[in-house]
Structure formats: C-alpha cells, structure tokens
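Structures for review follow.
Across the two complexes that follow, subunit A remains constant while its partner is subunit B and subsequently subunit C.
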Partner chain A sequence: MKTYEVFLKREGKDPFTHAGSFDAPDEEMALIYARETYGRRGEGEQMWVVPRTAVLSANEKELAMADRDHKHNDGLRVAELRRISTGEES
Partner chain B sequence: MRAWRDMDEFEGFLDAGGVVEPNDEMPEPYRQAVFRFIELHANSEYMGGLTERDWIPKAPGLHRKLTALAKTQDEIGHAHLLYMVAADLGIKTREEMMVDLLEGRTHFHNVFHYRVHSWTDQIAVAYLVDAAALASQQAVFKNCSYGPYKRILRRVIAEEGFHMRNGEEMMLLMAHGSNTQHEMMQESIDRWWLPAVQLFGPDSRPNDELLRWHVKSERNEDLRDRYVQKFVPQLLACGFTIPDPGLEKDQTDGKWKISPIDWEPLKQTMRNGGPDSARRISDARNAWNNAAWVRDALTNQPAST
Partner chain C sequence: MMPHAEGRDLVLSFADDELCVGQNHAWWIAIGPFLEEDLALTSIAQDELGHARSLYTLLSDDVDQLAYGRKEAEYRSAHIAELLCHDWSWALVRHVLHDIAEQIRWSALVGSSWEDLSHLAERALGEEQFHLQHGSSLLSRLLADERGQQRLTPAILELAPLGREYFVSSDKHLIENGIVTMPLAAQEQLWIDQTTGLFKQYDINIDFGSEAPSAGRSGIRSHDFAALHEEMTAVLRIDPQAQW
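Right after this comes the complex of A and B.
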C-alpha cells in the first residue's frame, strides 16, 4: 500500500486545495479511492492524486525567512505623505 | 517542523491559537491524547457504518435503500478519513487500529453498543444519535488545535448534516403518520433518548486535558444541555413523550432540566460490555475476515500468465 494525497479544484477561479490522504495499492485503485473518498458529492471539478513520497516539503524556517519587511508596504507611510502633500497637516 | 522547549511553551502556543501539524515535535502526552481521541472517533464511525449497512436491504422502498447506502458509505468513509489522520500520528498503523478494535482492545461510542430493533430505531439513530455526534464534532471542529483533524472534520460534519436531515424527515413522517407508526416511533425514542444524551459523557473534569489543549472547545455538560434544550421541545411538538419522569421545565430560566443520569450503562459500554457489544464486535470481525480476499487481491500483484 502507498499513501496518496488528494487535491481538489472547484469550478471557477479557486486554486487546487488539499483534501486529504488515503492508502491504495496502485494508481488505478488510487484514482477510484480518491473519487469515492473525496469527490462523491461534487466537491471538485478537477482532482489531482499525488503519491505522498512525491511531495517535497519546504523547510519551514527558510520559508519564514524568505518573508521580509521590504517585500511589503503597509501603506502607513503613503498615507502620511499624502496628508503632507495635500497640506492637511496643520 | 517545529519544536517546543517544554509543555509550558507548548501550551502557550496552543492558548495563542496555534495549530499543530503531524511533522511538528509535539509533546508526547499531546500526541497520545489526540491519537486516542481520533481513534475512538474512527472506531465509532466504523461500527456505526456497519449497523447502517444492516439496514440497506430492510429499508422501505428504493429511495430509502439508496439513502441508507449513501449514509453507509459516508460512515465507513468517515472511519477511513479518521484512521488516516490517526495513523499519521505514528502510534499505530491503520491495520493495527482495526485489529485492536476487532479484538475488543479499544473502544467505540456507547450508542453503538445497543441493538437496533426496528426501522424506527434506525430513524431514531439518525435523528437523535447523528445529531448528538454532530454537536460534539462541531465543538471539536470549532477550534481544534490539531490541524489535520480539524480539516477533515469539515467534511465529516457536512455529511453528518445530511444524515441528520434525513433522520428528521423520516421522524416527521412517522410523527404525522398512522397511529401504529407514531407508536413505533415513540418506542424507538424511548429506547434511544438516554443513550443519545449519554453520548456527551459525564461532566468534563475541571482539568480535562483535551479542553486545556484546545482539542475540544466545549465542556460535555454544556453540549449535553444544549442538546436537551433543542430536542425536548422538538419531540414534544411532534406529540412524543420523553422517557424521563423527572424531566421538567425550570420556571425561573425556562430551561429543560433532565433527571440525574446513571452513568453505569455508559461505563459498561466503555468496557465493551454493553447489551449488544459482543455481537457487534464479532459481526465486525466477520466482516473483516470475509473481506480478507479483497485485501489480498488489492495488495498482491496479479499472477503472471
């Protein structure tokens, strides 16, 4: 038995999302199990079934480190400068 | 993968709304407690699914047979999903959990230790028991600190809603049907009311670790009380009586008060010593053994010709 991960995509613009996992002996059965376990009430229009071993997990610390202040702008400074430029500051 | 220095730091993380994932280095007591809770839930879904299956051939008419079939698939499916989530905690494999259940070494909810006598019993199970199970699952889903369990409960809960609505529909048909139907439904309510109320368990201990670790988010007694407040008026409105001579409406707060509960029957079911426990477990064991050839066929490579 091999563990598979299932991803479903609804009709429209939603991205694929993880639905869950299950065990199956081979690819043919994996597709049947995936449909019967996660997609039997129109939960998705498209389905990806991926062997768990094929999923590479990113290092969470490095992932967190990739996020830096200079990649965001919270707009506070913009608001302040707008006030100054329109002469609202007394 | 995250790790915590000690239990205090971990509990601080949980109190702040932190969500634990399977690859985190969670403290062992948390891993064990979450595992036991999910295993009990999975076992209960499985045992419930098997009873459901018994009623597919006996359900009246094609439509009811089809809904019984769909419900059976849902319940076995819930067990399947939950066993996967439990197995990922790395304590037991799915097969080990199954064998422990069939050998009577682990447990399942009290309501599946009683015999389902009639079609109206089956309706009472759908209306009263699925609703009680749904209420306790919702209380876990709301704020569960173990991520995979919370995510899979979304699906389980949606399907329980379908069972409960079917149950209510059938109950209402019986309530407003012939006298015989009404009487049969009343008999079934008499049999299932107490087990359903007991499903929530005795009052939560003050230091219940599942509450402290934000696995459950509501106390047993609060869930039970909300259930009583919802179902007593519904049943009375349908012309049924509640099998509790001490039941009364409190004049000051207008709330329904039930008699003190004797927990001995619940304790017996938790020792697998309920009225129908032995038959149910051996029936499940037979189903498992009879399907051995299917598992073999699935796992073995086809014989070369």
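Right after this comes the complex of A and C.
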C-alpha cells in the first residue's frame, strides 16, 4: 500500500486545501478510495490526489529560523510615527 | 400511468434485492479489511439502500411499512442478496456479482414507459459505474495474487450460479407495455456472459447450472433472512416513530 494526500477545492474562489491522507495499492484504486473517503458527501468540486512520495518536505530547522521579528512588519510603527509627525489624534 | 401488476412485481423484487444487499454491505462498517475499504463498501451500502427507497417510493407512500413491515413470504429478494457473508471475500464476490447484475437491470429500465422508473434508472446508472469500478478493480487485483485467488475462488463458484435469480421475474407483458426494454432472459444471458468473461481471465470456470434458482422470488426466504430482517428493523422496534 502507498500513502496518498488529498486536496479538495470547493465551488467558487476557494483554493485547494488539504483534506487528509489515506492508503491505496495503486493509482486507480487511489482515485476510488479518495472519492469514497473524502468526497462521498460532495465535499469538493475538484480533487487532487498526490502520492506522498511526490511531496517535497522543507527542512524544519530552516523553517524555524525564518521566524524573526523583522519579518513581521505589519506597518503599525510607521503608522504611529506618521500620526505623530502630522499631529493627528490617534 | 398505472403500471401493470408485473411491473410492480419487478420493481418490488429489485427493491428487495437492493435493501438486502445494502443492509449486508452495511454490516462491514468498522470491521472491513482496512479503513479505506470499510468506508467505500459502506458508502456503496448507502447508495443501495437509497435505490431501495426510491424503488419502494414508486409503489407506496409508506416506504417503511413496505421495506420493514411485511411478512417474510411477502418479500421477493433473491437468496444471493439475503446471504450473510461472514467472510469478507464472499462479501466482495457478492458485491461484484450484484453490481454487474444491477448495471444490466438499470440499463434495461432506461427508456421505460413507466417514466418515473426510467428517470430513476438513469440516475442510478451513474452511481452504478462507481460501484462496479470499485468492486471489479479490487477483485481483479486480489485474483492476480495466488493467495487471493485461493480465497476468492470458492466464493465465486458457489455464489455465481445463485446470481441468476436476479433475473427471475415474469415479463410476459413487460416488453409489450414497454416497462423494460430488454427481456429478462436476455438480461440474464448478458450477465452470465459478462461474469463468465471476467472470471475466465483467471481460469475460473463457473457452472451456472441448468436452471435459475427462484425460491426467493416465489416468497420462500433463505435461512439468513430472519437475522438480516431482525437487524434492519432494530431501530424501528425501539422507536416506531423514528425519523431518519
């Protein structure tokens, strides 16, 4: 058995989202089981079924290192300085 | 239109087959061979029960009474549909034999002069394609394996001849009145040909016997029916007003 990941897209502008994973012996059976496991109640209008081995996993340490203050600039400090300089009431 | 009594018998037999097979498939919930198969088979069970409900609706406004409230002799199910398959390999073989038959039976109702029945047949055929794809894909993979073939072959040899009962029904006026578009005998032959062809690939040669079994259609219930009926009416006995 191989493990597959399922992505569903609902009607409209929603993007594909991960629905879950499951096991199947091969691709043809994977499509059958994906439909019965994750789409039997009409949960999606479109479905992607991806073998887990085709998914590239990023390095977790590198991902953790990326969490730095200066990457979280939401513009609040700039907005505050601007208010002060123009004399606006906050 | 008010269909001829033969048409009502045909629909009742079909509905009873669907009810029994749906209930029998549902028995595998949580105990299927693996989670994905468990979900797939019981999802198919829901479809079969849905077919039964739609067919009963053509005959009566009180579907529960028709489905659950008749005396044993008033059911018309084929014995193969009533069989409790205690081994999953038997359940899989019955699933495939049943769905090959179902596809032929629905196809013969598309274009029926009984319009509601024709519409129902068109809708059911869409689902049937998935059922058959599921059953035959899994079966062929297991038959390609020596151990799988050892387990499945006895079930195939035993169950296949019983499947002929699916096509037992009086059709003298059904063709004349345009209720069905293909005589029952021709449907049965098509089923035998398709079934033979499927298993021949694996050197499994079925003896379909000289005569089709017909006890179920004539009102005689098989040994397993009582337990099946007991299970499917359990909720109704606890709460006769239950809604679902």
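In this section, the second predicted complex is superposed on the first by the 80 of 90 C-alpha atoms of A that agree within 3 Å, B and C clash if a C-alpha of one lies under 4 Å from a C-alpha of the other, contacts with A are read in each partner's own complex, and residues count from 1 in each chain.
Throughout what follows, a residue touches a chain if its C-beta (ideal position, glycine included) is under 8 Å from a C-beta of that chain, and two chains touch if they have at least 3 such contacts.
Everything quoted here is computed from the prediction, not taken from an experiment.
For the composite obtained by superposing both complexes on subunit A, the positions of subunit B and subunit C are in clash.
By the touch criterion defined above, A:Ile32 reaches subunit C but does not reach subunit B. Of the two partner chains placed by the overlay, subunit B and subunit C both lie in contact with A:Asp23. In the superposition on chain A, contact is made by A:Arg40 with both subunit B and subunit C. Applying the stated contact rule after C-alpha superposition, one finds that A:Ser57 touches subunit B and leaves subunit C untouched.
Taking chain A as the common frame, subunit B overlaps subunit C at a single listed stretch, which among 166-174, 220-228 or 238-246 is 166-174. Taken together, the two complexes place residues 1, 22-23, 25, 29, 36-37, 40 of subunit A in contact with subunit B and also with subunit C.
On the side of subunit A, the complex with subunit B involves touching residues 1, 3, 18-23, 25, 29, 36-38, 40-41, 57, 60. On subunit A, the positions that touch subunit C within their shared complex are 1, 22-26, 28-29, 32-33, 35-37, 40.
Residues 1-2, 23, 73, 77, 80-81, 84-85, 88, 94, 151-152, 155, 159, 298-299 of subunit B are the ones touching subunit A in the complex.
Remark: subunit C residues 34-37, 39-40, 43-44, 130, 133-134, 137-138, 141 touch subunit A in the complex.
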